[in-house]
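Across the two complexes that follow, chain A remains constant while its partner is chain B and subsequently chain C.
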Partner chain A sequence: MSHSPKKITAQDIELPQNSLWRKLPLIGVALAVIGLGASAGIAWKGGKLHPQFYFSYLVAYAYWLSLALGGLFFVIVQFAARAGWSVVVRRIAEHAMLALPAFAVLFIPIALGLHDLYHWSHAEAVAKDLVLQDKAAYLNTTGFYTRAGAYFILWFVLAWYFWKKSTAQDESKEAAATKRMQIVAGPSIVIFALTLTFAAFDWIMSLDPHWYSTIFGPYYFAGTTLAIFSFISLMGVLLQRSGVLKDVITSEHYHDLGKLIFAFTVFWAYIAFSQYMLIWYGNIPEETVWFKHRGGAWLGMSIFQGVGHFAVPFFFMINRTIKRFKPTLIIGALMVLTVHYFDMYWLIMPTYHHHGPHFTIVDLTTFVGVGGVFLAVFGYGLARHKLIPAGDPRLKESLAFKNI
Partner chain B sequence: MASSNSPSKSFGALAEFDGAASLVSACEKVRDAKYRKWDAHSPFPIHGIEDAMGIPPSKLGYVVFVVGLTGASAGLLLQWWTNAVDYPFIISGKPLFSWQAFVPVCFELMVLFSAFACFFGMLHFNKLPQLYHSLFRSERFERVTDDKFFISIESADPRFDEVKTVQFLKDIGATHVELVEE
Partner chain C sequence: MAETTTSALSPEIQAAVNADTKTQLDDGVEKRVPLLLGDPSFNDVTEIVCRPVEWTVPRAWYIFFGCAAMLLGVLVLSTAYLFWEGTGIWGLNNPVSWGWAIVNFVFWVGIGHAGTLISAILFLLRQKWRTSINRFAEAMTIFAVMCALLFPTIHVGRVWLLYYVFPLPNQMAMWPNFRSPLLWDVFAVTIYGTVSIVFWYTGLIPDLATLRDRAKTRVRRIVYGIFSLGWRGSARHWQHYEKAYGMLAGLATPLVLSVHSVVSFDFAVAQLPGWHTTIFPPYFVAGAIYSGFGMVITLMVIARKLFGLERIVTLRHFDNMAKITLLTGSIVGYAYSMEFFIAWYSGNPYETFTFINRAFGPYAWAYWIMVTCNVIVPQIFWFKKARTHMGVLFVVSILVNVGMWFERFVIVASSLSRDFLPSSWDYFSPTIWDIAAFVGSFGLFFFMFSLFVRFLPMVSMAEVKTVLPKADPHHGHHDDDHGDDHHGDDHDHGDDDAKEEEE
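And now, the complex of A and B:
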């Protein structure tokens, strides 16, 4: 009310010429080459890649893809809800979703490793298995590739549309672009929800082809939202550390991001427990087998999901001061981003390592490699455009935003 | 015997303002003058008035947190006692104390307790229900639900002074100031 909107200068919303952020694309490419090169080098045995490579790669892929998908989700939801508060942090999510097309290329190793990853892709295994024969109408190689192609085309169209329109608005300043994106955002949510759900079914759930869980899509979705809220908080603080966005992103915006991390921690736990309790109650062998694979030597990591992914972040992020104070918010965000990796690991790895978690160097190198690609694209966007959507008609509202 | 021209005991001073903006800036000045027992009255919620009045964040959250945890514990205790101790009954071959099955009830009781704590705690912190308030003596105050904005400073405030406080309120932009009886 009595707050006059802050004056933004070019130094506030553009990276300095000598900033290390401008080298992020280069650093990302270097990490990608080193990471993926080392992974392939280590896993190359007897003229082919060891299956460990494909599983490690899938974990890394699922992790970084969740950030890109989370970015897309964040952007379309802000437009669908016509949100004003989030304008100053939206650009970070926009550059994250820009990485989605790159994941089409990154999908190649998964497509190549199809037979190492997915039991249902073996014709002789299906011939001996009545359940897989019943599922063959959906779980077959042609369908798998076709669907993957469809996801990537739709993700590319959505990410490109919103990214292009939003960055073009920086100069054009036309309010009509915002109106247009608000209209497109509605149907985009439907497309996003369906593609994410089926991608999670195809790429992660079908690792255990007898097992199914209708809530699996939301489970992966909960992870993507947590990842992007944490990523935005982290990037916001890091960018401010290097001298930009001062007084643009305030503790009010961090408070809201913290509230979202807190809320979606509960959402994740709600989904994860719902999945577990129904299967536990029903006690049907083809459903319980999935959790049986996550007992035994995996039990420690299963319990860690409940403690690290829910209890600790929940009681940590519940406090108002912690959400508003940058260092503590960052501790929470890093905690979530770390535990999210173990969540992906826990979903995927038991299919390969039945006898307990077994970390290898390839887990690390694939993580660095895929992450390098993601960061390269993210940095590419960051270096080329203003750090906030400077032409958004709601920018003033966002700058003056206050929690009640 | 109370005389007619001097009030037996005054509740405090009531100052009238014309708009939300002048109310907020006046609140900042009352806050800076270190008054403690005072309040602002407006026909609608005003953004940023808590800051202008210097109201600290509500303590309600802490109350709800503790009561919510109590509710969850009560739910667990109830189910443990009824299912595993007082009337052991095997259901679909599960252990008597099956925490998985107990979580929904714990969750629901936590929500129920929290909602009660939130509602009644809010009433308590707002000093409600309160059937009578001295400010209702003022005829001008009726327009607080319509188009006028008010600040009241209670005479119980250590800094309150019948002459100085009235003058102070006039100085910070009040269009009309009156003393209200207890």
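And now, the complex of A and C:
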């Protein structure tokens, strides 16, 4: 073979018994309990939770969900495209996607806070509002719960199918499993695209029930891809720092992940610009109102979207060396993961804080809480299975992979 | 370099070419099947690709060329009459003041996009199979852009004032409106045309040198010699070439998205229901790639047969192209459903009316042709049998472009003909001159295309050779195949690799 890939040993692809990574499920649960408990405690006012809790929670939820959905996207696309290079990093995305079922449970606070979050859920508000009456066929509580249920079932089925099949292949080494997943991946993309779009409509776009934008699904999608590429890069580097995956994930793989972060930074900006430019140019009041709510004291954060979410990562990630050198790559990845939070905040929070961004401690605690659940599931996967799809027939190709 | 070697295939190669879908595509996951069939040598590739340029021209080519030239004549005559008489000869009426000219413009620009996607984006994505079809698709891009540019040019009415579209300093201090997307179109499409030509020509240089070296007549030697810019195939040449190619790919990649996005702005910045919607830019881009692949498949099914390219353009290539067609067709279907859904969700009576009117109004026939051809028909590509069956591919690929033409027609005509003022509603019907200009533009396209397949290598020999197993410097450790190579055959791509080798 050409590049004589390194022989992998068990130590390379399994977490050592005493590794801190093995405690990640516990740490995650602790973070979840502390974060969510503290959030509820702080926001508990007069026998009920303050609306601030629900909005902060929704931001955190949208953020961590985008990582899990991004993981699903990454996995199904690798199979659909019969990709070889990505095998050694795919397991990270697989564990991220495993968190999807947990988001069904995490949805409970959103369901409980429905009236605080969504204006359209108030019958008396709808009675006074002709537009909302027209929309009631879609924006109603029953429909909202039913659709959410459908998304979770479909996500659960997809995530579980690919996770189970891929991890089982570690031992069985069956090429047939890969073939099977390649076939399932095609229809999965269709399901993924539709569920993600309508979830984004239901949970985020309908916060402003009068407003609508056909590109809103791709907008949320762009964020999920950025999040997962950054997350994979970050986890890859962190795992390697703890002594595993040495020479398994190489600068070649990081280079590709960096290129994807770069490409999807541009894609995000393209989608965001298309939405903004067309609404600005059309200047139709029922559309511009959404951006009007993001002007005034929110203007700073709106401009930050252009600078922090596009210009800075663009010029940073364009450089080849930065993408191939781990410390600089994770600076880029962390930067993207951070601005992605502010993107979610910017999408959701102006509905509640009309007068400008207003960060509270609940924003932090809900973020930690929901993130704790995500990391617990992620850690559970890491601890139980090999760190790479060791039985994947394309593993050798991935190990020998070089950018030419 | 016997010219006859490839005209008759040896039995083993013929068997490889005729092998069933399963053998050609089923790589059993563990290993990748070779992209080219019958394990061709470097010389085989040269022979196969150069044959159509060097052989005695078959009668079929003359017939095809003649037909294209006649259609081109139709275009010239109809344009002459248009210049003489003005745009009144078209079926334009008061609400539908944009007719087939803009429809044809968007149609042709869209077709070009597959070429750029194949040459630039698939290059950056290391999709090696692209090497067999990129030259062909890029040529198609250039000719499609030519056809596209034709329509805005002739539709201005007073064509002698066309230079007004350019921001030229003038003593009247008259400038085009920089806030108009029509001006952005001028920039977007001219940049697109320029970059496409430069990219295409850069890729051609090594192959032109091969043709020069093989030339048997003085004229050929001189002409190909001039255009190959003194290419000798030295390592230094290759190094510069690869750098330039990579950079041009990087520059062309945003163009795949930007050009058709700007074209979509022509509609989407307006306030007209059915035009003004935020998903238009990505939706147009997906549609453009979709129609472009339709055209590549249509032409490739014919060219592959006619010019004996079966070893180079295999079922694998068609399988992949059909998959991209399915993907982009489904994205287009997604965009249609988003438009429809949001029209309903918005509760906006104008939006709702527009879409009900599209589906059930006077243009319902066009709308359902569009939905059938763009959304329903490509779903057949979920099946591998369909993706690798030449007949199915050919028919579907033509329907793809029928559907995409109607998509633009539906957008333009249905929204304009039923605008805000019911008293001004009207129905657009084309005249014979609308049809002549459109049909004639196919004449221009095929005229250029037949010249291309006659005088230029329609497959990038240099690039195809780099994806042969033999081009891998670690392949088998025997270099026998280099024996009768030509200049264009040098392959230094593996150099970097060799240095990093630890063996």
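As a convention for this text, the second predicted complex is superposed on the first by the 402 of 404 C-alpha atoms of A that agree within 3 Å, B and C clash if a C-alpha of one lies under 4 Å from a C-alpha of the other, contacts with A are read in each partner's own complex, and residues count from 1 in each chain.
Here is the rule we use: contacts are C-beta pairs under 8 Å (C-beta built on N, C-alpha and C of every residue); 3 or more make two chains touch, one makes a residue touch a chain.
Given the structure is predicted, the values throughout are model-derived calculations rather than measurements.
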Partners on chain A (chain B, chain C) - clash or fit: clash
Which of chain B and chain C A:P393 touches, first, second, both or neither: second
Chain B versus chain C as contact partner of A:L299, first or second or both or neither: neither
Partner chain in contact with A:V105 - chain B first, chain C second, else both or neither: neither
Touched partner set for A:R320, first chain B, second chain C, both or neither: first
First (chain B), second (chain C), both or neither touched by A:L238: neither
First (chain B), second (chain C), both or neither touched by A:E286: second
Chain B versus chain C as contact partner of A:L26, first or second or both or neither: neither
Comparing the two partners chain B and chain C, which touches a greater set of residues in chain A: C
First (chain B), second (chain C), both or neither touched by A:K402: both
When the two complexes are fitted on chain A, the stretch of chain C hitting chain B, from 236-244, 362-370 or 434-442: 236-244
Set intersection of chain A contacts, chain C complex versus chain B complex: 1-3, 277, 281, 283, 402, 404
Chain A residues within the chain B interface of the complex: 1-3, 273, 276-277, 280-281, 283, 318, 320, 402, 404
Touching residues on chain C, where the partner in the complex is chain A: 28-30, 32, 124, 126, 254, 257, 261, 265, 268-271, 276-282, 327, 330, 334-335, 338-339, 342, 344-348, 382, 472-474, 493, 496-497, 500-503
In the complex, chain B residues that touch chain A: 20-21, 24-25, 46-48, 50, 52, 57, 61, 65, 92-93, 100-101, 103-104
Residue numbers on chain A that touch chain C, as the complex places them: 1-4, 84, 131-132, 134-135, 138, 175, 178-179, 182, 186, 189-190, 193-194, 197, 201, 212-218, 259, 266, 270-271, 274-275, 277-279, 281-284, 286, 393-394, 397, 402-404
